[in-house]
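Shared between the two complexes below is chain A, which pairs with chain B and chain C, respectively.
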Partner chain A sequence: MQAFLDTFDIYLLEAVVNGILLGGVLALLALGLNLIFGVIDVTWICYAELVMIGMYGMYYMVQVFGLPYWVAAPIAILLVAALGAALHYIVIAPLLTAPPINQLLATGGVLFILQSFATVAFGIDFRNLGIRLPVLAIGDMHFSYSRLLAFVAALLGMLAIYFFMKRTFTGTAIRAVAQDRQIMSLMGVDTKRIYLITSALGGALAGLAACLLVLQYDVHPFVGLSFGPITFLICVLGGLGNFVGGFIAAFVFAQIISLGGLYSDLEWGYVLAFAFFIVMMFIRPAGLLARRS
Partner chain B sequence: MLELRSLDAGYGSFQALFGINLEVRAGEAVGVIGPNGAGKTTLMRVISGLIRPTEGSITMEGRDVVATPAHRIVDLGIAHVPENRRLFPRLTVDDNLKMGAYMPGARAKYAERLEFVFDLFPRMKERRSQMAGTMSGGEQQMCAIGRALMSDPKLLLLDEPSAGLAPVVVQQVFELVKRIRSGGLTVLIVEQNVQQVLKVVDRAYLLEAGTIRASGTSEEMMKTDTIKQAYLGV
Partner chain C sequence: MNSRYTAWAVGLAALIALPFVYREPYHLHILVLILIWSFAYTSWSIMGRFGLVSLGHGGFMGVGAYVTALLWNHLDITPWIGIPLSMVAAGLLALVVAYPCFRFRITGHYFVLVTLALSGIVLQVITATRDYTGGSLGYTPNRAPSGRGLLALQFDDKTTWYLIALGVWVVGLLIWRWVDRSMSRYAMEAISEDEDAAAAAGVNVTAEKLKITLISALMTALAGALYCQYQMFISPDTVSGIAVSLQMVFAVIVGGLYVSLGPTIGAIITILLAEGLRIGFGTKAVGWDNLVYGVLLVVFIIFLPKGILGSVLDKLKAQPKKPKTT
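Take a look at the complex of A and B:
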């Protein structure tokens, strides 16, 4: 093992592994957004703000009410799932046939409502769970358990969604709606119900992401801005609504951020990622895995 | 079994059907023939609830179809094979068939229905894990009919099953309709291919410009002068 590590630049290796770990969580976020876009054909601009609410939920349950993390996490996931369903029912459903720009403006409005609500209700202090997970040391490389846990949980979450979509009648109907929504009633499918379930699933993924991110980052009303934009770039790079494309793009972006951060500052990693995105938009405007129609 | 009484329907301010009276009795095969744009597809769509009538009534075995939510009409025993098949192109054959059995009642019989459809179309069993959109037109038509049969319907609505298919395949599709009929299923079929369809149905209606111009048994229809001249070319 040591001989193997000696032949590599361990800092490079550490950055690559950390990039992969980051990619898992980004892929989870991208999957939630892609699910909503692919099935309902609506973009939830406020997606990262749902994550923020979930993080606050975790903070209050763990720090204020003293619930153990493992009890609080499923409650937070259910809470954000309900929030996703409510978002669909209250904001999206009345606008389903409206022009896309109106839908964007409406979910954009929800973004500001949630940010302002959080500012008023929770204040602008940075808060955290006060849980410090140990760091795993392999040779001279260090990986935090919170990142490892986030990576594994994100993969399990995505796997669960995959099997749900492949194996169940409801999951198959969700994939079918994305391809031909007009004839769904001929199959006996109530599209409204499928949209509501999909929104709850999208919310649940945001809730899971919240549980994982709250272990690594402090929560504040504007924390959504730290990963909202990058999630959108990932989805667009992978091809909006394309689950596999989003998954790949998440790891590409995570690697750029992580390696960029190794050779310079973390902020430069983000700059590089965004520059890469702009270049890619010229080369493959419809995304990495664009379908040729 | 199915009864339409003085039915009006259309899209927005455009009226496509005017006072349609039509009946399909249990065990029958009934054809609706007529030119492009006569309202044949609209007629099918209004029966399966894809669009709603503006006037008149539709009953299926005495139950009010118009008052039933669109996604519950399958439960009344009506399965619709839409125009252009409308398969889910990027779902496998298996998944397409699964969607046909979505209703709780059909789900319970899923395995049994799947076997029935695979018996009827052995080709579908070979192609079960293939994306539906990558199959040939004839295979897609089989898959679309199979999907409708998954719900174990009493009445099968077929909208232009021969459209866009090679002549040899058209023959196969009509053979298939005969076989489905012999299983006791009631069929209402809309077709432009008048000569072929009159060979497989018991009765037919002639639909022109949204109204029913003539009706009768297949033999009567074949002897009618207007149909002979306009549709059979003799």
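Take a look at the complex of A and C:
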């Protein structure tokens, strides 16, 4: 075993594993965004900001009100789910028939609102949960439990969504609406209700991501900007609305960021990911898994 | 038509004469800011009015500002050369990102998200190269030794800056008008309606889109460079990133996307609003101005998608002909 490990660059291996762990959370975010795009045909530019609000929710519940993490997490998920439903009800619903660009810009406005709301309400200090999970050491490699937990929880979250979509009536209705909006309302499906449920689901995924990310990162009003753009790139690379494509793209990007961060700063990992993205657009413009027309 | 030109000439003469009559520095400062941002917003609207919604203009602006300042500080290249170089850099960036987008029909949501990522990435690069750019703390171009202000494009008096900004703003409006009257406009409108139909009608879709994007990016970089030279301080958050991109879109939407003075009206409203909120709330107002911004943006998009000036002009035009439709 040791001889095997010696032949590899130990840090490279560690970075690869950390990349896979990061990929889990990114895939979760991409799934939420894809779900909303696939069903409602709207892109929430403010998606990462929902995560930020969720992270603040966790911070306040754990640090200020002293709730245990396991109690706070479901509440935070419900909170962000409610926020997602509210976002749909207040902002998107009146704009459903408007040009797609207007819907997009409206969620851009919500991004402003959420960011500045956080600035006004919580201040611009960096805050963290103050929970330090132990670090798992295998050989010379170190993996923090918070990342492992995030990875496992993200996978479980995605599995839950999968079963919900495949096994329940509502899930089937959601998939049907995603396939054909007009016909499904003729078939007696209440699309308004489906849209609200989907928005709440998307919000819940953001909430779950918030619970996991808050273990690893400090929260501040602009934290959404550090993973928002990368989530959009993942969704476009995977093909907007394509769940499997988004899942694969998330892991590809996570590897690039993680390995880029190994050789240089984390920011350069992002730059590398963007360069990769531009190259990929030449090769597979309609997403990783799209059929060539 | 003649009376219209006369009105423009009188208005312009009044604007040129203004700083010689009225010298209150703070108000002139606000005017200069309004003119520079109006120019930036106008350059965004050149693209935006054809449905090419770019959220990458924060990136172009950042490139314009930072390249100019870095060339001056590190290589002693005067902004007179640095600004064109920075515009070339932004133009190249625009081509690299826009070409695959247009060539492979990345439109609508996809295009917005790609450009959004672009402005995010420019912000990351500026932050990552903190050894050169000062990172999040911001960056200041070196002061030119006295007597060499013209070479360094650094002027202490507001009047000079006001005239420069006014000139650039007028050029921006002229470019807007030029595009408005050119064949490109018809080509772009056809493209924004239906790309396939436009291509079938003989429009070179990729080339037309690239042309408009390039014009827009070059102008935005110039705006960034001017802002840097005027303020003598830039930070990643004030000239680049998603927030600046959204701010541009917001101002244009508020003012009116389809009229030449719309972006200017948007700049006047947003900057006066921001200044008003800033002074009104004092230092504890951090965030309040953006909160109001965001709420207004959402409200505007829901209720007044054509913007203030656009809606007013529509009302004026529509009244004699037909009753108001919803």
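Here, the second predicted complex is superposed on the first by the 289 of 293 C-alpha atoms of A that agree within 3 Å, B and C clash if a C-alpha of one lies under 4 Å from a C-alpha of the other, contacts with A are read in each partner's own complex, and residues count from 1 in each chain.
What we mean here is this: a residue touches a chain if its C-beta (ideal position, glycine included) is under 8 Å from a C-beta of that chain, and two chains touch if they have at least 3 such contacts.
All of these numbers come straight from a predicted model, not from anything done at the bench.
In the superposition on chain A, A:124 contacts chain C only, with no contact to chain B. In the overlay built on the shared chain, the residue A:63 is in contact with neither chain B nor chain C. After overlaying the two complexes on the shared chain, residue contacts for A:172 are found with chain B alone; chain C is out of touch. By the touch criterion defined above, A:186 lies against chain B but remains apart from chain C after alignment on the C-alpha atoms of chain A. Note on chain A: of its two partners chain C and chain B, the one contacting more of its residues is C. By the touch criterion defined above, A:229 reaches chain C but does not reach chain B. In the superposed model, A:98 makes contact with chain C only, not with chain B.
Shared contact residues of chain A, touching chain B in one structure and chain C in the other, are absent.
Residue ranges of chain A in contact with chain B, taken from their complex: 169, 172-173, 175-176, 179-180, 182-191.
On the chain C side of its complex with chain A, the touching residues are 51, 53, 55, 96-97, 100-101, 103-106, 108-110, 112-114, 116-118, 120-121, 123-125, 127-128, 241-243, 246, 249-250, 253, 286-291, 293-298, 301-302, 305.
The part of chain A that touches chain C in the complex is made up of residues 37, 43, 45, 91, 94-95, 98-102, 104-106, 108-120, 124, 221, 225, 228-230, 232-233, 235-236, 240, 265, 267-268, 270-271, 274, 277-278, 281-282, 285-286. Contact residues on chain B toward chain A in their complex (touch as defined above): 48-50, 69-75, 79-80, 82, 86, 88-91, 95, 98-103, 106-107, 147, 151.
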